[in-house]
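Each of the next two complexes has chain A plus one more chain, namely chain B in the first and chain C in the second.
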Partner chain A sequence: MQPAVFERVVVKNSPVYQYMKVSLVLEQAQTKLTAVELKHLITTGLKSLYGEVGAAFPFDLLTFEEDTLTAVLRVYSRGLVRLWSSITLLGFFQQQRCAFRVLQVSPYLLALTGNSRDLALDS
Partner chain B sequence: MSLFMDLNLPFTADKKRLKTLLETAAHLGFSTVAINYFHEGQSKGKKEIPKPTPLAQLVDELPIVQGKSRPIKVLNRLTILVSDASHFRHNAAEYRAYDILAVQPTTEKLFHAACMTFDVDIICITVTERLPFFFKRAPINGARERGVMFEVCYAAAIRDSTMRRYTLTNTLALVERNKGKNIIVSSGTDKPLELRGPYDITNLAQLFGMSEVEAKDGVSSNCRSVLLHAETRKTACGIIYTVKTPNDSQPKDGPPLAKKQKTSAS
Partner chain C sequence: MFKQLEKTPRTVLVCERSHLDHEKARLGTHVEQHFFNHKVSLLVPGCDRLPAELDAALNSMRSFLLVRNLPLSQLLEKEFLDQAVYKGSTYGLSYQTRIDEDNCYALLPNGKLVLSVDKDTYETLGLEGKPSQYQRRPAGRYVVSVDLKDRTMSPGGKGHQRVVKALTEHTPLSCDLLLSQHLPGDESPALQSLLSNHKLSEHRPRVSSHVMTSLPCPTLVTSHLQGEQQSCDPQSFLEWLGAVDAGVTFEDQSDGYLSTYECPQPQTVVDAAVRCSVTGLLLPEDIYHLLDVLRRSVLEPKLAPWLALTVHGFQDSPVSWGTAEHGFLSGGENFYTLVLFQNLDYWICMATGPHDACPP
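Presenting the complex of A and B:
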């Protein structure tokens, strides 16, 4: 059998988008929310930290799993710091405490399918 | 060499709460945390400096740090709110029980004294109200030469929008003065839902005007400097750390281990 051939691809341009995998942790774990509510929550966070201009910043909610409250966000690379800082500083959802846990950030959507930090390399 | 540390988890007598707090910190990837005992300096009444509770009494089993397969390291830290120069006693025996010593000065004069003469590891910057003084270059430089770090807590910024403004203003002023060096960012909250991961904090610190490298130092290597500084403080002159480098047991010929595994799978 031929050994696997690897191709090295170098991307020189800075990536257009950054993808973030986030999960929402709520004080009352049984609270349900929809994708629309989640996006509204993030937009509120952006608005409270960056004002009207910040709230108008385009970002997309690509997927949202309602049972685990995990979402994938897509944002222009330039706005990553802004979006990330605003969800870091989000502390409340409808008068209950909440926290966003940013699980992964990558310029490639494919990278979010698995987490290299969870691999067991020594086994 | 970047172990993440959070050097300000306030002490709560509630054991269950402290346990969940430590578990959350370990889950987020912090390798070392410090339990903070707060002491308000008083000239009259002579309030006792609290004794740190032994760790064995607080938690039965230390949680494992995510991705490290090692239990979290917990230290004790004392923070003294200084509103008069006499509140900080040099070389007091009570301070010896703590791993880290921090002061929170309230006036410009005390800030100057804390930077230049106080034998401490951390100077806390007030983030919950407007700073009553401006940062001057002389004390900041003095603190840098002595290896004293400034601490900013981010929990207040999550709690309330007014405090968020004060946090940003005070931190921006500090970063402007010492160019992002000698700053550590820690949580300062006893609620697990107000803790944030190390990379979140790194990103947040960029908002304070620090560069990416400085921001990462703020949760990793600067915190390590604090621990080393704290150990130096206890001794006469200094400490030396030696680390045994692991012997290269891999065979020299042939491709490196990682590459070999890939081809052997095919």
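Presenting the complex of A and C:
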């Protein structure tokens, strides 16, 4: 058995990915949307703002709750600003007005699972 | 063409590995100094039910108070100072205030009262403070720190009178405050009776647990903190842990169109795993007790070779570790993850966001 050691590593500014928690607000709240439709909507927004080449970076739709239209996206750090700006400017889904609310952005996916702003206490 | 768009805010991740009994192990200090904890999340692979002792520890985290519309000057009353500040570790944090928009207040267990206030409040308050490290030019936010245990802050003292005057006459500040207290021994906290003339409610931390089956888990080798071929590195492990917590499915039904994320290699599939989380105002003392129980539980041969505990701090707390200033920017993350191995070696990964100092 190896003797116990103490090792400390400090990692600065090297996140490969950034994670975004976003929710989609639709003019007609009863409209249903699937995960595939949401991803297609975001991809369309990217292409319309940055063109085929500017939008040529991958992003993942990690989770999607159909009830609340809330999704967690994973994107390479270098694509964060482009993804963020394109969903900010997205205004229409199937001829109805829509808007993305960016709830939280972090280089750690874990941080998105413990949002203290969601702590609701009844009194 | 897009170079200027490819920058992201700075981040710091500090990872340590050692043995629980190693002389340099600072696990206890890291836990004690992270004052305001919002959520504890435990992942135990290899079982479909938590060991009884562990379950009891998670369910016995102490309750906390929510005091509505409490004037901050109340915290400087002689009785409160005697019973809460001088006597034991009292933790107080303003509730539903956002550190990037509102005034936020915290009472630290070492007796410091930290006020993170906007420029207008600071200028009318008339107390000495410092511009926030993260909003310097022009300074839009100021941090005032008052040491309630200082000699000049004893009731009737010069400093005490000045702060009371500032908080009652200059700018009467009040907030909804989360409060909890740890007292040594069996003594029960007197917070409730001290603040009985205010609207208050007692809350128990919320516990929830979830059993997962056929979960792919990355292989961890305790000595490979920086990642090797046979082991997953801490960053990938934190991502995987986040994916498990967020409920990401590891099999994409859409041939990779939606997501290309998969469990890091090498991996093993465990039959069952339990994920348990507790939310509320959780005291470091309770988390320390949980660590003691984990230390005994991890030795059970039936469990997987490691278990992981993540502790999330409040995103809107004015401090993260110790008295280090904390801000939000886009995520406000301040959390640590402890991975405990069966031989009592451990990894601890402490993460902070762009508006934070380097973890200790």
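Annotations
Here, the second predicted complex is superposed on the first by the 103 of 123 C-alpha atoms of A that agree within 3 Å, B and C clash if a C-alpha of one lies under 4 Å from a C-alpha of the other, contacts with A are read in each partner's own complex, and residues count from 1 in each chain.
Here is the rule we go by: a contact is a pair of C-beta atoms (placed from the backbone, for glycine too) under 8 Å apart; a residue touches a chain by one contact, two chains touch by 3 or more.
These numbers come from a predicted model, not from an experiment.
In the superposition on chain A, A:Thr70 contacts neither chain B nor chain C. Touch criterion met: A:Val81 reaches chain B and chain C at once.
Within the superposed three-chain model, A:Thr113 lies in touch with chain C and out of touch with chain B [touch as defined at top]. In the overlay built on the shared chain, the residue A:Arg97 is in contact with chain B alone; chain C does not reach it.
Residue contacts after overlaying the shared chain place A:Val25 against chain B, while chain C stays out of touching range.
Counting the residues of chain A that each partner touches, chain B and chain C differ, and the larger count belongs to C. Of the two partner chains placed around the shared chain by superposition, neither chain B nor chain C is touched by A:Thr44.
Contact with chain B, but none with chain C, is seen for A:Leu89 once the two complexes are overlaid on the shared chain.
Contacts of chain A with chain B, set against its contacts with chain C after fitting on chain A, overlap at residues 1, 4, 6, 81, 105, 117. By the touch rule above, chain A contacts chain C in their complex via residues 1-2, 4-19, 35-36, 39, 50, 54, 58, 60-63, 72, 74, 77-82, 104-117, 119, 121-123. Residues 1, 3-4, 6, 25, 27, 48-49, 81, 84-85, 88-91, 97-99, 101-102, 105, 117-118 of chain A are the ones touching chain B in the complex.
By the touch rule above, chain B contacts chain A in their complex via residues 28, 67, 157-159, 161, 164, 191, 193-197, 199-201, 203-204, 206-207, 262-263, 266.
The touching residues of chain C, counted against chain A in their complex, run 1-2, 5-8, 10-19, 21-22, 24-25, 38-39, 41, 66, 68, 95-96, 98, 199, 201, 203, 223, 225-226, 234-235, 238-239, 241-243, 245-248, 254, 257-261, 279-280, 310, 312-316, 330-331, 333, 335, 337, 343, 345, 351, 353, 358.
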